[in-house]
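Read through the structure below, which is laid out as structure tokens, and then see the notes.
Order of writing sets the chain letters: A, B, C and D. Residues in each chain are counted from 1.
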Amino acid sequence: MAAFRFSRTALDVAALRAELADPACGGYAAFEGWVRDHNEGERVRRLEYEAFEALAVREGERIIAAARERFGVAHALCAHRVGELGIGELAVWVGVSAAHRDEAFRACRFIIDEVKHRVPIWKKEHYVGGDSGWVNCERCAAPGAESGAHAHERSR
Amino acid sequence: MAAFRFSRTALDVAALRAELADPACGGYAAFEGWVRDHNEGERVRRLEYEAFEALAVREGERIIAAARERFGVAHALCAHRVGELGIGELAVWVGVSAAHRDEAFRACRFIIDEVKHRVPIWKKEHYVGGDSGWVNCERCAAPGAESGAHAHERSR
Amino acid sequence: MPPSAACCAAESTISPKALTVQYYALLREQAGRREEALTTSAPTPRELYAELAARYPFTLTPEVLRVAINGEFSEWSTPLAAGDAVVFIPPVAGG
Amino acid sequence: MPPSAACCAAESTISPKALTVQYYALLREQAGRREEALTTSAPTPRELYAELAARYPFTLTPEVLRVAINGEFSEWSTPLAAGDAVVFIPPVAGG
């Protein structure tokens, strides 16, 4: 099954984790992105995720292959929700198993960073006041972010 | 309940993770140490964990308090097995939830590194050939490890 | 960002072709559709986006977008061919 | 690491006291017990460990051990008192 995948329903963390089990692995690192009740000073009520799935899966697979090669980890997976999510829901899960913890941590961090930066997924925040807005990618929002592919204004 | 704890039975990851849920948290990082089937060229059959529990819990709590203060994370927990463990079993679990992923990753890494270095827990490997040995701490085994509190030879 | 004169001179020699465009996120909302089939003389995605931006109230400039052709990241200067599936990709924000 | 002459001179003036020692991991195996109550004139954990190392086949030198008194990390030079619970801590390897 693909190492990067989308789901329209709640992610089953136990099942995902089980795919990484390996008697040769001593370290497992996981990251989960949860829907937070606030962002940049606004109170968030729910989120809506949308993806260009064909390209996103391809790009996600490339990220995971790069992580496996670069850090020498045994197994890595990423699953991302699409659709409507409420506060506290699991939006994205990354899991990595490896012989040792150092490479597991580094690969896990690499994957989530790259996924957020490169994979065509978008999220729209719906605020408590009824307003809504598409979220900037983190790097664009950072001062001194490169112009070009990722700079943009808050688009609401 | 204590932020650092021991268990004589299989750790319930879902229950531990649920303790970290927080609508203000967008990032969750976890580490798991699994019993690996090999170590330093030897084939391992099972592990035996032993702890000086009173001091270990105290030291573990200090590590978690330090992580929360240093990285500003909302919640952090660590659970460690004691007793006999088979290959693939979960020996230690660390979970951290925070507003953002950076501090969650860093705190999680800090906690497992410090636990392995400072908390009075020992593991004895039982090898496929019938031999057994107490495991060196990682830092002692590293070339150039400081002498003193943590240097030692393989003791079997 | 209108195409340059040199580019337009070239463009005028290119025959119209049928292709599809998919819209995501803010572009989907501003175009009011997920997808459309259209016939265009735009030689590359750059001119195609300019053509669409004249029709829809797009607020994102090409500088902040990426483009994909037939499901793969592409260059703004890649020649468009009949039957291409073109996607303009707003700044991403997964996770 | 035998106590120095100065240390032994001081030691001899210290009256015997009853305390307990707990053993973990390799020390537990080499002592052949988890715990014992004993009476010692050792003024500090350093002399106590030397005393025990003369009795049991300990292979770990004090340099690689830490010491805890009454459930808290302590110094090798901390004076021992009657009723203390002493633990010598082999190099740890959790996780």
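In this section, a residue touches a chain if its C-beta (ideal position, glycine included) is under 8 Å from a C-beta of that chain, and two chains touch if they have at least 3 such contacts.
What you see is a predicted model; the values in this text were computed from it and never measured.
At the far end from chain B, in terms of centres built from Cα atoms, lies C. Computed from the mean C-alpha positions, the centre of chain A lies at a distance of 27 Å from the centre of chain C.
Rounded to whole angstrom units, the spacing between the C-alpha centres of chain A and chain D is 52. Mean C-alpha position of chain C lies 77 Å from that of chain D. Multi-chain contact residues of chain D (touching two or more other chains) are listed as 95.
Residue positions 33, 101, 112 of chain B are each in touch with at least two other chains. You'll find the chains touch as A-B, A-C, B-D. Against chain C, in their complex, chain A makes its touches with residues 33, 49-52, 54-56, 58-59, 80, 91-92, 112, 115-124, 134-138, 140, 147-153, 155. Interface residues of chain B facing chain A in the complex, by the touch rule stated above, are 13-14, 17, 21, 23-38, 87-88, 97, 99, 101, 104-105, 108-109, 112.
Of all residues in chain C, those touching chain A in their complex are 22, 24-26, 28, 59-60, 63-66, 68, 71-73, 87, 89-95.
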